[in-house]
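Order of writing sets the labels: A, B, C and D. Residues in every chain begin at 1.
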């Protein structure tokens, strides 16, 4: 097994990978930007080295420096996590050239899947259905895109060729608004990925985003670990993921067909290591290949929770050259898992990011709750990186049990110092379409409102008012005592009393 | 001692009667507040009902984190409130709103000019931060009074970006 | 379903039950002693009422007050947790008389199993093998016990009839030392349970303590949820529990036989609700009934973790009158779970309890780790209650994975302010007999030493010395700056540098 | 600045050379210490190796919680150490040990009397606390000097129970 692994990432996913290494008895090396000197991943690792200033391009995107550090500290492998360098074929190739094992697929697989248009052409050739669009057409000019659009039909989506995470995406309802939207999509794609190329894709209405977790070794064995339902999104950013998908719950034949196709798609690029095949499923249960993520996914814990497989440990094992630890028929699913991404953003205020220092954090514990996080009391949410504070994953024997468990875990979770989207998740867990599993990718933006949460808030306005008043009063009395006449005693003392309920 | 607590523009009068009792609106409640050591964390038992909350001062008022939700509470003692009573309330015409940057970032677009009339919900500034473009919108209809940034400028958290003077409603129903 | 449940307990188990109620949508009532006004269970509950002063007999043992409170707040059921009133038949009966559902077995079942001697006679009559001893002989005088002893043979154990948790127990090697040991056992039993009666039992050498979790409804359905291995004990106090037992790992027929006997024993007392049948298993794989705990067990989470069943929720459901949610054949076991009891005691100093205030606590998170606790930063470990700070439960696909996961979780767990037995658990996880699953109930006391831990400590003596020196230096410099000449700057500043390993 | 840190009766000389370097024994090490805000929690990187520890003052020395283990560290600057060098070390003959109650509780038995010779490991006091009987034993052979409690008395945490004067070893091997 590897002796030492360098983790080329930060935050919760760096901590996640460090934990897997520790459990496998492998020494770990963290790298960090100036903003992250106190970060959990730095403190958790066996060794830690500074990469550079806080902006990602001067630190976590510096593949050259990372390879240099890996050499100096005699690491034998690099785990890229997700984001940053995880889907950069050039970095994977540079690692290989430098004699380091890149814990992920071959550079050629990343390339094949990295250009969305090429990816779609590749899997289409392998017999996998793709969403109608300009896949395989190469880089198109504006006039070519405008000419193509009516053939696909409206509504459609403009997507960045090198895109991901909702960047450089625009929904188009008609031809008139299209030129402006192409421009803004290109600008955003250019600034986000250094590549302004875009393509068009049919907007599948009432669509669900359902993805399959793939695991493959270097001997050609490819299995899937079942699906994740990721349709709860806002601006194409996933917010809640679950496994199994409530849409597939009573349709085992569809699940099996999709699993087979997912494995096919992975085989089409000679895939090794962990990857994810994303599908769109329309309301008539047709499914289309969307893209492949050639890396560990943010939401991998829901799959770990229902299958019991440690995906990160398995990534490391297959990267070292071991065979997959399980065959397809050994994969068993148990119960239901839901993940809520806890972000530093204010759901009452247009989901604006909230930066600042986390002064206190008290995660929920108890049965069926898992927290993956990189933050701690004292952590500064900086504008340099994404606003993910933590991922909360719950497990239940049934989906309903998972939902109620998530409710209680959300209520227990205390984060003080920044605004979080916990009230959004609380509202979602009380929303009829979510509770019944009947939602699509447009649900959050088009049908969801925070009104329920506001109502819940109103229930406790009086208690909030009372609590603040009493605290203010006690503190004022205390000040009066400290700064007021010496020897004067507070007449105020709260003591225990009990009686019937106030409601 | 009498206080008035304001949350979500609702007012709650609280009168402290003795160590165990308060008058809350018209009700007399038995209360027991305990601080959990070393933290701004409080346990409040009101007539037997138990609540836990983080309470900490914030920008002149108090923040209360209760059952997953955050509340901003302003507290005044009754006399102070009386003196201030004739003042205009928040969203009334002529009231000025100060748009501050909610986080550090880059102002990628400022699609309004000084003096411009804007509708409620209209985009005032687009701020890029945490790898996202964030739209800062008008909380109510009004005119842009003092525009203090240009597109392309970096801003600090809580930096004042512009002021907005509320319009006199044009279609008041009465 | 119940509308409101009163939890007649404190600490981690009160919190555990509160969580189950919350997930079931049932309102909760906490009761507390003066020492516990700030406790987690008080803050977590919907309602909370003071019982009385800190000593248990003036608060948590005041069944009369508890029933009174339950009435006043219109609770319809009482959950006793473990300890305190959980195995008091009179309290169960008083609840029933007061129209409250006691979430546990009938008073008659508690009585039948509560007197250990009667219990052994009862199950023996039902055909279950018991450890040779004076079971069923009633209360014996000293001279009778001394006369009986040679028939059982030495070594033997003196046990309190009303005992539990190692109180009033004495090992006897020969007849000479026996009179003194009877006296001291009686004294301890008298002071602990108000009942000085003791009985004798053969000391099974090389014995393993293996217990079966039972779940029964009010319709006569009784199932078992598999076994827990609890042989890691010190002074008859369990410290580590696991499921499955490594001893039964490769002996499915024995597991099945024991499961059947466990169900038989429960049926013998017409049992309903959750209960545990404890067995001693000797090295020749003979097993003997030891006793039945007629309540929720401290170590129930290991069974929850491998079976996926929420035992507390199931307790509530069957107490309400529902049928068991699963049949015996629906119970599936997955992977391996281990629980470490984290106690406030110093393993380097004879496991002396450590009291004081917990100033900081940072629980481990990530995959496969569950923490059940009632403590928090600011919590005062008082001499009134037991020294359990928290239970840490890990799950692994295999027992080995669970062991390495426990190692990393123990390393992550930070508790500042009191001494804990974490180093004991760390040492145990590195100990060959534990890692290979080859240990018996005498292992901790007779073969285990903290020397390995001491060696591990020695590895980091230099780092501890260095860290303390640097912190002291920085603080001194800081003081010098604050109180010294104004404007004088510290010449000391720690900045990032990196180079090769120091080891 | 030179310090001597003592842990488990081992001494570690530490000389602070400049902001980045220390001499540790004979080695020169590069170090980087960072405090994690608001807590006695520190991240130390030594020649690239990363350690996290809680460091807080305790009874005149320092407690370090590192990788699950607790260490008591005493730190003196070199000059102070030099002055104290001739003093007797901990367990030498005539050294007095003060037995304090490690927790509050009830002294259920005190099986020694004043002036009595005791062996290393012999029970001095049985203290009942947290529902357990805890045996407090002699850390080395010696004689009971001042017995300050009787069986049946309640004691507070850190209350002095007795003093023990170490014996001159009788079977010294040399």
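Methods note: a residue touches a chain if its C-beta (ideal position, glycine included) is under 8 Å from a C-beta of that chain, and two chains touch if they have at least 3 such contacts.
All values reported here derive from a predicted model rather than from experimental measurement.
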(message) Return the chains shared as contacts by chain A and chain B, ordered by label.
(response) C
(request) Could you tell me which pair, A-D or C-D, is linked by more C-beta pairs in contact? (result) C-D
(message) How many angstrom lie between the centres of chain C and chain D, each centre taken as the mean Cα position?
(response) 31
(request) Report, in whole Å, the distance between the mean C-alpha point of chain B and the mean C-alpha point of chain C. (result) 48
(message) Centroid from C-alpha atoms only, then distance chain A to chain C, rounded to Å. What do you get?
(response) 37
(request) Hunt down the residues of chain A that sit against at least two other chains at once, touch-wise. (result) 37, 44, 47-49, 73, 359, 376, 411, 496, 498, 500-501
(message) Show the residues in chain B shared as contacts by 2 or more other chains, in ascending order.
(response) 32, 34-35, 39, 45, 48-49
(request) Mind listing the chain B positions that touch chain C in their complex? (result) 32, 34-39, 43, 45, 48-50, 52
(request) Sort out for me which residues of chain C touch chain B in the complex. (result) 30, 37-38, 42-49, 73, 357, 359, 376-378
(request) Give every residue of chain B touching chain A within the complex, in rising order. (result) 1, 3, 5-8, 10, 12, 14, 16, 18-20, 22, 24, 27, 29-35, 39-42, 44-49, 51, 53-56, 62, 64-71, 73, 75, 102-105, 129-137, 157
(request) Flag every residue of chain A that touches chain C in the complex, lowest number first. (result) 15-16, 19, 22-25, 37, 44, 47-50, 69, 72-73, 301, 304, 308-310, 332, 334-335, 362-363, 365-373, 376, 397, 401, 404-405, 407-408, 411-412, 496, 498, 500-501
(request) Please give the residue numbers of chain A that touch chain B in the complex, ascending. (result) 165, 167, 188, 192, 344, 346, 349-350, 352-356, 359-360, 383-387, 410-411, 413-414, 416, 419, 422-423, 426, 453, 456-458, 460-474, 491-503
